[in-house]
Structures are given as structure tokens and as C-alpha cells.
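Right after this note come the structures.
Common to both upcoming complexes is chain A, partnered first by chain B, then by chain C.
Let's turn to the complex of A and B:
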């Protein structure tokens, strides 16, 4: 063996290899995984200093990107007006409650029958702790947050063909997977191939680590016993008095565990976006929209459908339809910040240069379906001891999200019964709302047999059929980003764009906010120079 | 129109009358498993263009597919389905050549369209290769 082959692989070498093999984006990705890189680049409240001397900005869209801009630009001395298509502010930051009515494209209308205090967030529903800009606005706007549970050890991992379709507790799959891998690696420690990768003095430490991480016994075996039961749970848990003695549970056979593919979702809580702690606003995600509305709601004109955006050397003129009176109106300003989703904007007449026009047309919008289901009782808590968190399945519903609030309530409960992307989402979207809900109940019953008896009512939101959005979020690829992203974000004359689609954090509110802050910072610099 | 319907019925593209069954197969998270133009249309295209092909209008619009002269040449719908544009997403990775040919033929002969030019999977394959 050569010297190079016998030297244990160091982290920097690994990064170099990844970078050489897969390019810089993969290197950045790997660095993020290894803790070198940071996520959100929010550096605290922005300071737009200097007098804009009465310059005016017309903001299109009252989602979080538009509302952030409205708040900060007015504070900086701009004259601001906002046009919004919906009859509410918030955009995709949206919560549905009992009594709400929603009519999707195609005309199907749903009236929400949830009980008082119960809700469902059809758009964003969780906030990672490192989405610092959004968390800062929550604090400044007085939006109260509570923990959102992503990983629940007692929730399920389910495969329709795994273990006869019987859902398995996340805890047991995680314990058995870690135990299996640790045992295999411990057995391999003294083989030549591993000796080439791990130095002799590190071997003992590695064995100690594997024993600890994998719950191995003193012979480095993962098997039924106290060590394993402490991780995966007991067949009969320890108690008190005469019946106190616990009975150990038996780990799954390694080949069954591997072939079940349930390990696929063990990584769900490991990704940066889903690591503890996550938050949700108390009472629904639209509390964020309400917070912004308290600050800048007076600037927003609702029910305004933009039909044309025209700029000249003096300013921007926007033509819009007042949906109430069905009359055409015009608004004018020195500048226009447009946060309209590209799925919609690509259809609106706008005289910008070819690069921005091409960028606007280049980003398709993802399908996505979320279905909120109300049940007559919180059986997942009372029957199954699942308090918040997510069960994952390979069924088309993809997951069941349990409410991270209202625990132990004796009334009804609302859970997220479907959160689908990709082909499954198109298949749900192309059904009627009632059919989507019926499918969600039928699929979910394979995981929770209580479903058919306890189901009360539901609300199904298919994002391609949401009239203001025409899709869930902008789906960039490496190729389209390379060709169009900078052109999308650059100021074109007197027009500039913002929103999650103009960020590297697509689909997240944080991306929308950081995009907006970046855009208005550049706009302000331009105004100060002119 | 009548002749087109007869041809369709003969080719088995139109299901027999009866209670509307759900065409969705929910067969894979990575690609569509529906077969035949009617099932593919009902499970994919109908999400936006609506089950009756009439499209819809909100802040933006999904164009109606009925009596659309651009559908006369299959190359146009084939390109749009493969690559997308604006609000139209691409399906090059989730539909096969045959599925795209079938759904283009279905659209060309439904919703008031009665084109003769039937799309073929070879045409879809060629459109992919010319990228």
C-alpha cells in the first residue's frame, strides 16, 4: 500500500474529493452538511438611511415579500402603495379555519367545517430556528411562536409493502437501523480495508462510539436486551411493584429492515431545514400576515388583478382590475417592486428587457396538495400516544402531520392528512376537492384504522388551482439558475422582482423575505444615486 | 366530429358510459403510470386545464384546449408537454414518449378539436433528441 492509501481520510480531503468530482455546488452542499457553511444570511433589521425625497414605490402582491418591502420602504420615507389580487393579505402565508370559504380554479367551492379554534395551514407550516429574518419579523410584529415538532419517535414509518403494511414506530426503525449499522461496522473494524481508513489509535475510539451510538452490548452485538430496549422500547415497559419487571423487545431482522425501505425517512429530521428547534405561530401561520397587516394594512388595495405593467423613463404605470366593481384602474409610481408569482407574471404584459422576460418565463411552478382532515376525536393522541410530529408513508398522501398544539383536548382535532409533491400531487390536483379528501381518508386508514369511523370533514388545497398562485413555488434547476437567476433579480429600468422565486431558499417564507430585503436595498441605493 | 368519435370508440380510447371512475392510478412518486390518452389527461392535464378542457382564469389563466388552432400541429403540444413554458410545467421526466403521444392525440380529438394529424411516440422521441 502507498502512503496515501494508508492515511486515514481527513474531512478536508473528503471535501476536496467531493468538490473535484461534483463541482462547487456539491462542495457547498457537503460543507453545509459538515457544519462549515451558514444558511440564512440575515444580518439584522435593514437600515435604509438617507432621504428618498418623496420617491414612490408601487408594490405588487401582499405576501410576506411585498409586506416586508412595504413596511421597510415606508419607514425609510418612501410613498408606498400595494396591490393584492386576493381579498386578504398574506399570499401563501395562509390559514383556513371553520367558516372560511375557498373557491379554486374550475369553480369548486369548499366551506370549511372545522370546529372553533382548529385550523390548517395550506402553505408554510413550520419555521426552522435558523430562518432568522422571519423569526425577527415575528418578534417585531408581536407574533407569538410555539414549538413545531418535526421528528416524533412515537410517530410511524409506513410502507404499503413493508411488514405486511403494519406501520412501525419511528423509534424502533431508528434504533434498529443504527444498531444494525453499528454492529456491521464494529465487526469490520479489524479487517484490512477498514484499517486502511482508520488509524490504530482511532479504532478503539470508533468501537466505543459505535457501542454508544448503536446501543451495542459488550460484545458489540445489537440484540434483544436492556441496551436495545432503552432505544427501541420494551415489549413490556418497566413498572412499579410486583409487576415491575420489564420484558425486552426483539429487534427486527436486518434483512427485513433493509428491504422495508422504511429507513428512507430516518433522514427527515437530519436535514438542516428540519432540525430541532422548529416553530409555528400560535393560532395559525396567517398570524404573520395579520402582524404585517397591523403595520402596513392601510397601504394595501385588495381584490386588484394586475393586467399590465408599463415603465418609461419617468416611472411605472400598472393597469389593474378592481374585482369588486369590475372596472379597470391605473396606478403610477416612480418604481415598481413586483412579487407576483412567475406563473402569473409570465402572462402579464410587462415591458422589460429580454433577459428578465426570459427569466420570468423559465421557472415552472411545482404541484402540491395539502389536505386538512378534522376527526371527531384526537385518536392519535388517546389511542396511539402520538403528540405532534409526522408519520411518513410511501402511499400518495406521503405524510400525516399531527397538530403541534392543543394537546389532550377532548374535542375534535385537525391533522394534515396529505402533503404530496410530484406526480402524486398532479393526480390529487386533477381530482375534485371531495374526491381528494375521500382518497386521503382511504389511504390514511391504512395507517390509522380509526379514520373511517372518526372522520368528520376536510379541506383540500391543490396549489395549481389556487387562483392567485397557479402553483406552489418556483422550481429552479441548476441549469435555469445558471442562465436566468441573476437576470431575474437585476433591476430592469424601474422594475424589480422579489419573492421566494428570487431566492436560493425556494418555497420558504425566509427566501421571500431575504429576496425582498435584498431588492429594496438595491432599489434604495439606486434612488439615493439618482 | 361524428367520424372522429366513431374512430375513438373503435380504438377504445373512450370508456363505456357509466359512473365516472377515478382514472388516477397513484402508481409511482417519480412518474405517471396511467396509460391511454383519456386517463393521462384526467390525471395530469386536468389539474390545470380542467376535466372539460375549458381551462380557468384567476390572477393568470390556464388556456382552454378547445378549438385551439395551435393543436393542429402535434409538434407544438409535444414541445410544450416535454419542456413547459411559463406556467406550463415540463413533463419530459415523468411521461414516456408513448404517454405523451397518447395524450396529444387525445387532446387533438377532444374538446371540439378534430385534427387528423395523430401524434406518434416516434415524433416525441425525435422532439426529445433534438433538444
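Let's turn to the complex of A and C:
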């Protein structure tokens, strides 16, 4: 090539060159595979066409399900009012910051002492890439997102009886598990023991695959050496100049690895909901609630405790207490979309048919306790090179979640110090907030010895004690779902329900949104017909 | 609990509670494991104590190795000058933006037509969490970092002969590979075929582990169903309200999976260098170069082409051409730290001993071609839900790298459209830049059919044609390293070398920095002794 070219190369210059470089058929590769299932059925903004002629809808609950409905129904021409128990919108889409006060059932009040700019999401804290409806609302509402790290190869896996209580790096457990599994299988294949399962033609390819994936050597062994160290890390890592030669690390013994049970957490990043790339709103999950509030905050009546929902053939009348003035009020509309958690709704008078009533009563709510801990420095980053992600333990705290923002900041940081489920959640819940926090610090110190010296303050949210929720999310079983789910979602006269509990994506905001969109679509069809 | 508590809970309140919640021994868990090998030997900022009494050092090359040395040597009291071939600092730490012009060997000139705010890193593009020295310099230099996504479960794996050329999502290949491997091994274990390898005591645990990790059902089969779908994705994903029930997807047949060879890329995220969490500078990799320039830019003479390096017993004299005035110049110092790539240095006159000369001549440089493509919209996000990460293919482009920044932006975006190695790199290199770009678009269209319609413009960097580099990085073999590495790094009279080529972390900025720190430490010891 001797002549200087004139560039930039623009598309008009390119089309002829492409023809030369590849067959034109390559350029028109079937578009049909685009738009394949990407995690939710969401196909873009809902379109409720047709004039509802002034029909009114009373929405109960200003969580994401209620706010989505308020936004879309008003846009479609409905008259909309929203009643919300709390003094804020968002429901479980909630962020706690310094200066916030929270009083739980039983009366314990916590005032948050986090430093400015730090926060803790006691509810949802991550958004999978395939939660397309939620991502679309974030975009439409101007909510800025940043990546959330789920799996961190340098975070810890900890078992109180595993390796003398010494936490192991996720990467070493992952590498050694892959190595063990691939070596065992390669040796089984090698000895013709798997011929009944794998054809001879595929055996060679399988061996090649196992060697690559499991970091096996040429004799199909996983052992101390460069191959294993490039996966699990080095005893002395490679450096520069003289004295730079690395020293290999030695894998764990397979029986020790198996009996440690630390492999249990290797699947944590394999589940569809936790696969890369996940996101979180910059500044806290309640930025989503704030986004909705900018659009439809004017429709919401805060501090409104619903006590009765009564329908007749003309509409729905809701009785509620204004928590400020402690006076009883009534609101009426043609229709009612109720997004109140079933744990609360089951205690509210509502005249629906037996099928919906039975469904409302059938779903227990998951217990869970989340504790945010502020530390005086981000020691997990500076001392231990853990940037985001999660360490797992079999202690009652279950996990330690590292902040996926503010990396490398010199100041303080807030960890998720406990995310307890099931019996462990009840164990925490039975304690005072201060005792819960102390317990989280004490257990966490087994993983991060810096805990006691660096602890600053904390906030503990036990979901069964959150007055507006009485639990974390609707815990369906296959049996209850088979019996009750359709009855829960079907329109009962002039009342219909929405929320994560009315979805196949329980506990997630996406479930709440899709449930809401499905409900208002069916409501709108009903209104258009009438 | 009946009394409201006074909070926030402060550390002083906590210490007694911790004692109650856990044995005090738990609080003082051995600190010894902290500071364990975290990827590089870097132990924090270098300390060159002692007065060098005005000793001078001439540094050749203003890449990260040279800039680190300039910064640290000046701080230690040395008189420092840096000569740099290019009209910018940073070397391979380089970012191309709209308005930039690049002329390669052979004379082809490209003017970059990227839109404002968009860029392409033709050199390093990611920073592993364990590159502690580089991360520390980023912090010290005020370079802001953001997460870089390597593995994206929703990106594609593509083989031109696999599945009729239809790209597969990474998550389906990963889930099906894990399922296949675990099912084969579980069945081998079940039939007592592996008793020679695994004790009966461990077999039960192994089966439990395989079931969990491989998403096997109770008969240890990996097959269409909820378990597999929660890993590989659904045919119809779960939704909300009525019609929300998901439909399972069906795994690939093991023989099809094996013969597709798409499993080859599953190890891409398992390697230590590519494990989570990785980072990139906000705004482009050259923010690191800019950071160094703020500190020591005043020491750098740009546009200086070194033609000869001659030492005697008193010092080193370097002859160089001022590319602006096309005049020859000379600079002299007590010592010379040369960071010029060996591919270029081997063509420069330098009077060192036979061992170093042989080492300089012994290391070939890796070919590689990187192509940045600007598209009119971020269709990989909007159409295909791919946010960051990499799709891999066996086509010559090797991969498509998605930007790990600007997620959800409505405007244009720049992809890494080619990262070709080896023979494929030579194939691209032999073409004009426009032809390379056309080829990248034509091949990429086999993975993203939107390419031809959405292509806007591109920039192609063939590293063997970059005048200051003549290749991508020093490609050591075990044999050349055994013979030459120590001779390359040892001080020869008054000359010593640094750069990624003088490290065990070739091609990475961390190798260049650690090499430089090691070199100037040894130089300083020498100076202090004399």
C-alpha cells in the first residue's frame, strides 16, 4: 500500500467493499432470531387504545405495580387516584440513607446514621439484564443505571466447619471444582467406562473440552502447576523484572473440597436471574420510585391506611384512615386495582368471591432480614481486593454484599451485612434492631476480622416487621399456584389485583410491573366492552 | 419488644452486644491471611530512600513503564528526562477519538470520524482487580474507573459451521455444557464406575454437588424443564398476571454441543486475568496516560526518534531525531532506562554486552489487529439485550466487544469489531484500513445482521504497522524466557530495560509497571552503592 487514504470511511464507501469481502447472503442473515425470548414477555410500552370515557380507577399501593398502573391508566384517559400506606412511594423499592427514620412493628425505631452519599437497599438491590419492562421504565423515567456485580471471583466462600473456618476465595473453589469434575470425567472416559453414554466419535472432543475447561494437564490431571494457577491464582503471582517468576499454588484435595460444601455457592451466578450483566440505579433503588413520583406523584395520597374495600355493581368504595389526622375517609371509583401485599390484604375487609378470597389467604410471605452496616473504611477493597459481588457463608447472615459503586473511594462504605432467610430470618427478627446489628457484626468478623475495629453503625430491616408489607414476598408453592394463581389474577367484579405476588417472577420488581401491565390491559378490555 | 429504641447504634453501644452474640475469639480471627497474594507482588508505593546526589536518568519511551519511572525517580531526587517517539504520551495505553489522525507504516492515514464522547482503545482495554500496582497509580493519579464486563451470559458464541451458523447465547452453551458434564459424571458415579477415584464417602457429596451445579433432576438427568431453563433461559419466560406461565426451553443435544466446539470459549472468563471484577478508566484507557502527564509531562520530549544509545564508563549518550525540525539531537545522562519495545530497540544501535543484545533480538512481537466500529444505534442493547461483554466467533474477527459504558444511551455506539491474532491478524494487516473495516463489518454481520444497515464508520489499528511499536507485545516462549529473560532485565553497565517485555505479565500494563519499579529499585541500589 503506497497511497495515503482519505478517511473517515463512511457507509457509502463501505457497501461495495463488503460485497467483495463476503457473500451478500451473509449480510442478510435471518433477522428472525432477533427479538427471541430475552427474559420477560415485555414487548415495549403498553398501548391502551380507545377512550375509557372518564372511567375512574382507584389504585391501592404506590409500589412499582401501583405506580406503573397510575402512569399508564392516566395516559390512557382514566381518572386515577392512588392510596399509599407509607409516607413515601415505592413500597419495597426502598432505600435507607442517613437521617431516615424507620419504625417497625413492635415500636422499635431506628434513625439511620449513614454518612452522606451512602445508602442501603433493604428491598430489591439488583436488576437482571432480561427484566426488560423494568429497564424500559428506568429509561423512560430517566433513572440512570450502573453495573451490579453478583459473582466476584475474589470474594469469599465460607463455611464455619470448612477449612478450619478459613474463608476461601471463590476463584479457588470454582477452579478446583471444575478441575476435579473434569479430571474425574476424563479418567472415566479414558478408561472406556462411559462408552454407553458417549460415542467414540464424541469422546475425543469431550476430552479436549474437559482439558480446556478444567485446566487439566496432558495426562488429564488437575494439579499444582501453571494451568491450575492461571485459574485459581498463584502462590506468588507473576511480576516484572528480576525475581518476577511466579510460584504455583496447590489445589485443594478433592475430598476436602467436597466435604467443605463450599461448592454450593458456585451455582449462584449460573442462575438466569443472576447472570451477567446486572444493574442497579445510581444512588439507590428508590431512584425508580422517585422517577415514578415525578410522573404520577400528584395522584398519590400518602399515609392512607386502607381498612375496607367494598364493591357493588356500580363501583368500588374504599375506606381508609388518614394517618396524619387519624380520621376515616372514603374514596370511590368505577374500578379498583389493589396492589397491597397479600399478607396485609388478607387482614382487610374485601367483598370478593370465594375463589379470590381463598387465593388471597393462601400465600404465605417469605421472611427475610437485611442489615446494612457502615464501616469507617472500605477495607474489603483496600485490604482484600474485593470490588463488589458477594461473599457467602453458612452462618445465619448468609452473605456479605459489597457495594457495587464508589469503588476505590477513600471514605466510608456500607455493606449488606446480612441477608437472612427462613429460620435464620426468624432468629434475627426476634431480636431488637441493635441486637440484630451486633449479631451481624459478630458473625461477619469470622469472614472479615476488620469488622469490630472498623464498624461504624447499621440499620436492620426485618420484613415481617415492616408494617406495610408483613413479609418479603409471596412464597408460592407449586400446589398453591396450581390451585389459586388464576383466581388471584382474574377480575372479580370491579376489583383486580396486581403485584409481584400476582406473577411468575415473585420477589422481583419485574414481576410486579408485568403483573400490573397484564391487569390493566384486561381491565381496559373490560372497560372498552362495557 | 415494647420500648422504642434510641438509635443510631454507634460502635460504643455495640461492643458489649458483640460479646453476647459470639465468642470473643471470633472477633480476633487471625489477621495473618490478609494481604495474601492478590495477583501482583505490588506492596504499595515504592520508597527509594537515600539521596542520589543529582544523578541523572534518561528514560526512553513515555508509555506507562517510562512514566512510572519518571514519576518515581524525580520524586527520589533524580534529574530525569524522557524521550518519546510519538506526539503523545502513553504508548500502547492509547485511545482513539473523533478528530484523531493516525498514520501507519506504509503511509495509510485514518482520520477518526467517531461522534463526540465515543472512543476505542486499540491497546489495553481492561484492568483486572489483581493488577494492584496499576490500580494504585490510577488512584494516585486521579483516574476514575468503572467496571468492565468480560463475560456476558447473553452475548453470543458463534461458529461458522456450528448450528448452521446461528449464534448461540453464552448462557445456553454454559448451562448445557455444565449439564452434560455433570450428567455424564453422575451416571458414571452412580454405576460404581468411579470407585477407584472417589471414595464411597465422597460419592454421595459429589452427586449432590453435580446435581446442584449442573441443574440435574432427581434422576441425575439434564433435560428440558424448569431446572435447566433457570440456567439456559426459557422458551417463553415467566411473566405477570394471567398468561404468565413460562414454557421450558430444550437443551442442545450433547453430541451437537461437543461438535460445535462453542465450549471453547467457556473458559474465557475462568482465567485469572479475566475474572470478575475488571475495570476500565471512565472515558478511555488514555486517561491513565493523561494522569501521568499531569505529574511528569514536563519531563517528556515528544516527537523524539531515538537512533543510537551509546554508553561509556561515565554515562549514556542518546542520539535522536527531532521529528518536527528533522534535526539530530543528543541527550546525555548518568543512566539510561530504556522502555522502547524490543521490536523497535532491536533496530537501534546500542552498545550493550552480548547477553542483553541477544535477549533484545530473541523476542518476536505478537501480531494483532483491533478495529473499532461506530454504529448509528446501540442495537446490541436495544434489540438483543447485550450490555457489555464479548461475543466470540471462529471467524477471523475473533470477537465482538461491546462497550462497557454508556449503557442504555440512545445515541451511537462504538464496538470492538475485530481483535484478530496470529494468522488472522496478518490477513487483516495485509489489507488497507478501509478494506480491514469492510471485512470486519462483513464478518460481524454473520453475528449481528444489523451491521450493514447501522454501520457508520471505523478505525483499524494493525499493531505491526504502528511505527512506535512494530507489534503488539513481546511473545516469549518458555525456551526464550529460560535463555534470555534474566539477561534482558539485568543492568548492563549504565543501561537497563523495562516494559511489559521485561515481565512475566506480558501485554499488560501491570507487567510494564512492575518491570519499571523493579528496574528503578535496582538502579537506585546501584546508585546508592556508587
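The criterion applied here is as follows: the second predicted complex is superposed on the first by the 487 of 530 C-alpha atoms of A that agree within 3 Å, B and C clash if a C-alpha of one lies under 4 Å from a C-alpha of the other, contacts with A are read in each partner's own complex, and residues count from 1 in each chain.
Here, a contact is a pair of C-beta atoms (placed from the backbone, for glycine too) under 8 Å apart; a residue touches a chain by one contact, two chains touch by 3 or more.
Just so we're clear, the structure is a prediction, and the values are computed from it rather than from any experiment.
Check whether A:396 is in contact with chain B, with chain C, with both or with neither, and answer first, second, both or neither.
After superposing on A, A:396 lies in contact with chain B but is clear of chain C.
Just checking: does A:347 make contact with chain B only, chain C only, both, or neither of them? Give me first, second, both or neither.
First partner only, chain B.
Could you look at A:54 and tell me whether it touches chain B, chain C, both or neither (first, second, both, neither)?
neither
After lining up the shared chain so the two structures overlap, which partner does A:272 touch, if you call chain B first and chain C second: first, second, both or neither?
Touch partner of A:272: chain C, not chain B.
Pick one for A:44: touches chain B only (first), chain C only (second), both, or neither.
The answer is neither, since A:44 touches no partner chain.
May I ask you to name which of chain B and chain C touches more residues of chain A?
Answer, by number of touched residues of chain A: C.
Which of the two partners, first being chain B and second being chain C, lies in contact with A:106: first, second, both, or neither?
The answer is both, since A:106 touches chain B and chain C.
After the superposition on A, what does A:435 contact: first (chain B), second (chain C), both or neither?
In the superposed model, A:435 contacts both chain B and chain C.
First (chain B), second (chain C), both or neither: which does A:464 touch?
first
Considering each complex separately, which residues of chain A are in contact with chain B in the first and with chain C in the second?
106-107, 435, 439
Contact residues on chain B for chain A in the complex?
By the definition above, chain B touches chain A via 22, 24-26, 28-32, 42-48, 50-51, 56-62, 84-90, 94.
In the complex formed with chain B, which residues of chain A make contact?
So the residues of chain A touching chain B come out as 85, 105-107, 305-306, 340-348, 360-361, 364-367, 394, 396, 398, 422-424, 426-431, 435, 439, 462, 464-471, 475.
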